[in-house]
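Chain naming follows the written order as A, B, C and D, and within any one chain the residues start at number 1.
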Amino acid sequence: MGMITKKNILILLSIVATFAVVQVLRTMNILTNFHEITLALICINIILAVSLNLITGFTGQFSLGHAGFMSIGAYTCALILLKYPTMWGFLAGIIAGGIASALVGIIIGLPTLRLKGDYLAIATLGMAEIIRVIFLNIEITGGAAGLASIPRIANWFWMFFFAVISVVFINNFIKSSPGRACISIREDEIAAESMGINSTKYKVMSFAIGAFFAGIGGGLYASYFFFLKPNLFGFLKSIDMLVIVVLGGLGSLTGSVVAAVLLTLLTTFLQQFTAVRMILYALLLVVIMIFRPKGIMGTSEITDLLGRIGRGKGRVE
Amino acid sequence: MALLSIEKLTKSFGGLTAVSNVDILIDKGELIGLIGPNGAGKTTVFNLITGVYAPSYGTIELEVDGKLVSLAKKKPYRVTKLGIARTFQNIRLFKDLSVLDNVRIAMHQRVGYGMPAALTHFGRYFSEEKRLVAEAEALLDVFKLTEKKDELAKNLPYGEQRHLEIVRAMATKPRLLLLDEPAAGMNPNETAALTAMIAKLRHDYDLTILLIEHDMSLVMKICERIYVLDYGVVISEGAPDKIRSDSRVIEAYLGEDVSAPQDGEA
Amino acid sequence: MKKILAIVCVLALAGGMLSACGKDSGGGDAKSDTVQIGVNYELTGDVATYGNDSVNGIKMAIDEVNANGGVLGGKQIELIVKDDKSDPAESTSIEESLMGDGKIVAALGPATSGNFRAVIPIATNYGIPVISSSATADDDITVDKNGNVREFVFRTCFTDSFQGKTMSNFAFNELSAKKAVIFGDTSSDYAKGLAANFKSNFESLGGAVVGEEGYVAKDKDFNSVLTKIKGQDFDVLFVPGYYQEAGLIIKQARELGIKQPILGADGFDSPELVNLAGAANATDIYFSNHYSSLDKDPAVVKFIEDYKAANGTEPGAFIAMGYDLGKYIVDAIERAGAADAKAIAKALAETKEFSGVTGTFSVDKDHNVVKSAVVIKLENGAQVSATRV
Amino acid sequence: METFVQQLVNGLSLGSIYALIALGYTMVYGIIKLINFAHGDVYMLGAYVGYAVTTFTGLGFFPAIIISMAACAVLGMLIERVAYKPLRASSRIAVLITAIGISLLLEYVMMYFVGPEVRSYPDVLSKQHFELGGVVVGVQQIYIVVTAVVLMALLQFIVKNTKRGKAMRAVSIDADAAQLMGIDVNRTISFTFLLGSALAGAAGVLVGIYYNSIDPLMGVMPGLKAFVAAVFGGIGSIPGAMIGGVGIGVIETLVSGYGSSMYRDAAVFALLIVILIVRPRGLLGKQTGEKL
């Protein structure tokens, strides 16, 4: 074991290759600005989905408040960017957004994470609504009018960079001892406690890490799409993210990435079907859930699948 | 000084008193049995010791570095940290995780890297993970589970799941191991093997063991002392021979033949 | 069961896509004899009503133009309609797809100031004019924060400050009100802009705002706040917001016995306002608007009648504004003399006395429209007077 | 004092509607542990059915409410059969996503056919108001509260005293055991959806008449608030849903009346979180422990 394995080199190469291919197509203008926006949305959705997957898929804490964390990151980053419209302002804004969001995650998580299942879901939903109402009514965030003319400093490179960082960090985390502690809470909280795992600590930790990356996703959103308003971060936004996570497979980061790509493309594709777009979207949700209730990937990862092909035998299920 | 001393332990749920005035003393190195008919409150005692329930009354104290530490209001993970591990009557493995992960999770408190290494896999991540796997495999070897370390826990046969529960508990490096019906559902051959295994663990890891068991053959064979619980009260205590002939115990088991160890209740 | 369900669902999906393609298909190759205009509006999501109304107005205007021979000597106008789900990120994405294709000569929408702001940088980047008929926010629409006019950004509506001032002047001068209560939609930037401007101007005139309350769009029960307001001493109630809620506020206020005049802005303009409030309750209501149904201008009368004939109801403000937007862009294309974005932007900036159903306007140096407003008074649900201000 | 009583009257009529919707949530959650997000949209459809009945056939209040209840009952059962039943064995989160899908589907199919704009109900009930010592009470308010109370009493009777109702309670405690006792679990679940959806249909008509305004997205917020009410009162408990609904209605009213109307929704959700933390089973919910 070690950092430099065949697998890791392969992963690194494919990441670099993906970036290079897009970059080349971009310079040749085969991928237009419009495609770049779609790619940016994909990256943001990947960040939000993997961070929510950490909370809901891996730690088993059902959260319907992810949009709340996203909004905190978005507003923090936007306010910093409006004051310092530079590259440093952007990076500081992204990190500050993540940290602010993580702090709120800890403050909210400590009392609410003792709740279970749907009760936690409804409490987190309430929490996100409270955050939204606060943004709607305070001066500094511009109230309902929101914040406009946020300088666009984020570009495709930064989107890709942060998406990769999020996936890698969260993947590393779940393959580490604290990450396994989180997973054990999903599996059986009482058994986990009996094995010496402080379930409150790890639930809050997972919540905070998830919130941190959601904040980063929000910050990227703010610095790419010029404009923020509180109603962007309503309950439907949290649902959108949950849909990506469940569709991809709870507990599969690969699934979240794949579903984020597919659903973003689908949403963009449906823009032209004005009147029926939401009907088609809703139908697809129902159909996919009925025929693939465990999501596209279940709990497996791309590396498992590659391994399976390599070994020439299936994983025992 | 006793390793574990329980005094006047009482727990009531609403109007029902599940455990009442229980005194138990366990010395270091002992192997103690806790028996009693169904619903006598045995598992409740385990839950009280491990912090799943808080006692209504009474004290539970554990010897730690020569001092007695109260376990009464400690959360389960703290109790585990102090050196008590347990298995569950109705197996509570992490079903969808691999055998190896089940064991590694229990080693969590002894992992020597922090959050930065966890997120980046820099620093001591790889050396520590290597150590964890080696230690886990050593423990799995005891129950011949090393071969199956990559299988999901739920895919193991029943008996092996019970073994894995014990391995997992051992991985927390306990001084006191609480086993809740480890032989439940096993055939006599498996039970015999398990008996040998428990003895070996106790010897190799310098363990103190408290055991709940319905299988009298196992209890009578390996326990040095036995506590008998009925309706939440300790009705008898002593060496197996004494218990076997105690009329109150026989009465509690009402008609059940406790005098003949070989065909005890399974 | 599952199989049948699968077949049904797949059929429904396929059917949906086909019908969608047939209905308002976006793509298609640009033929040289058509002029393409992008339409990027909120057709689903929380402000879908405004987007749909605007687009219906635009379509009605363009259909008329096409039926009468099109523009630039016989070219048909093709609208490429896309839905942004009331989400600014989607507005941005759609605008990129519309403008990036290099086929459209101008883009219309979105309806709300926020989503409109999300497309401004794109339009500026491509040098293609973008116009909204309802982005009313004062700042950061046609003029950027440093005071520079945005060459390609236009609007045909009033600004919030204009209407806020109009109504506060009207309240103070015409209704002799000294104390006002504001009860506005806090989830809409339009309503918040109106409220802020009303307040500052009313106070500078010497009046006092004695109470400020808020609701959020889609609320239906306003009784509690109105009960609180009823207990206060005030002369007028200003309700910045849209007719959906304003109609209910009027109804509930009158039923609770609030008799003071209720004021609003062009968000009130919809026949549905009176339906929601009930005719008897819609008394002593004043709101600023672009035009009045009392107007006997033949163009206005014809528009209202055509709309009624097609839809069975009278048009509301968003429809009328959308209709004018459609006519206005055609007018600009004609004046530019070519289907060329830069020329059209120039023509838009030079607009003098464009006459539409919502009034006659010119474009000032800040790309805002100069037009007068009317204050309409409702008695028993009917417009009884329209004062030009 | 008058103002306070007036606010209570306001809160009570708003709360009765939340209560009617909350009953559907609480029953469905009680029996299959699903937050039926589509429930708010069934309520919306109920409002539209009532609208169609009163506008196009000219029928009055009672026929409208009964036809709407019947239509919603059928719709509710249909949704359960088509969308939830195939997922009986799947994870709860998958069913939840399906429920969200159904909710969006109902909203946008409706929007496709009737347009996004608000519609107003014809006058089917007297708009008369009484003034009792400075407190204004409308005839419609009385209708709402009385209808709600009657329907709830009826529901309580069905659940407590009929065979079907007993089957519902049995299934909600332990579906497998109920199956072994010879209860047709599928039919019982259908029946639960039927009852809950019928009540939502009634609530839709009442709202349409009382507030005089319906639109395709009208079910979203009340749906959410009604679920809050169900949790507040104790999920699975019928009297709990009633108390929760009225409680939320009154609290909302008092927050807007005496606090800041801008923070009304935040206050409701904050209260919810506090309740969940202090008393997770809600006001009248049953304690559930985990067997070790």
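Just so it is clear, a residue touches a chain if its C-beta (ideal position, glycine included) is under 8 Å from a C-beta of that chain, and two chains touch if they have at least 3 such contacts.
All figures in this text were calculated on a predicted structure; none of them were measured in a lab.
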Subject >> Greatest separation from subunit A - chain, by CA centre >> reply: B
Subject >> Central subunit by CA centre of mass proxy >> reply: A
**OP:** Mind checking the centre-to-centre distance between subunit A and subunit C? Centres are C-alpha means, answer in whole Å.
**Re:** 35
Original post:
With chain centres defined as C-alpha means, what is the inter-centre distance between subunit A and subunit B in Å?
Top reply: 41
**OP:** Would you mind pulling out the distance in Å between where the CA atoms of subunit B average out and where those of subunit D do?
**Re:** 49
**OP:** For subunit A, jot down the residues that touch at least 2 other chains.
**Re:** 136-137, 190, 275-276, 278-279, 283-284, 286, 290
**OP:** Among the residues of subunit D, pick out those that touch two or more other chains and give their numbers.
**Re:** 86, 108, 111, 262, 265, 292
Subject >> Multi-partner residues of subunit C (each touching 2 or more other chains) >> reply: 2, 5, 44, 46, 186, 214, 216
Original post:
What residues on subunit D touch subunit A, complex-wise?
Top reply: 29, 33, 35, 83, 86-87, 90-95, 97-98, 100-105, 107-109, 111-112, 224, 227-228, 231, 262-263, 265-266, 269-270, 272-273, 276-277, 280, 290, 292
Original post:
Where on subunit A is subunit D touching in the complex?
Top reply: 56, 62, 111-112, 114-115, 117-119, 121-123, 125-127, 129-130, 133-134, 136-137, 190, 235, 239, 242-243, 246-247, 250, 275-276, 278-279, 281-286, 289-290, 293-295
Subject >> subunit D partner contacts - residues on subunit C that touch it in the complex >> reply: 1-2, 5, 44, 46, 48-49, 52-53, 186, 213-216, 218-221, 223-225, 227-228, 230-231, 244, 247-248, 251, 255-257, 272, 275-276, 278
**OP:** Note which residues of subunit A are touching subunit B in the complex, please.
**Re:** 1-3, 169, 172-173, 175-181, 183-184, 187-188, 190-199, 205, 299, 316-317
Original post:
Residues of subunit D touching subunit C in their complex?
Top reply: 3, 6-7, 10-11, 13-14, 82, 86, 108, 111, 115-120, 123, 127, 129, 131, 136, 138, 207, 211-213, 215, 217-218, 220-221, 252-254, 256-258, 260-262, 265
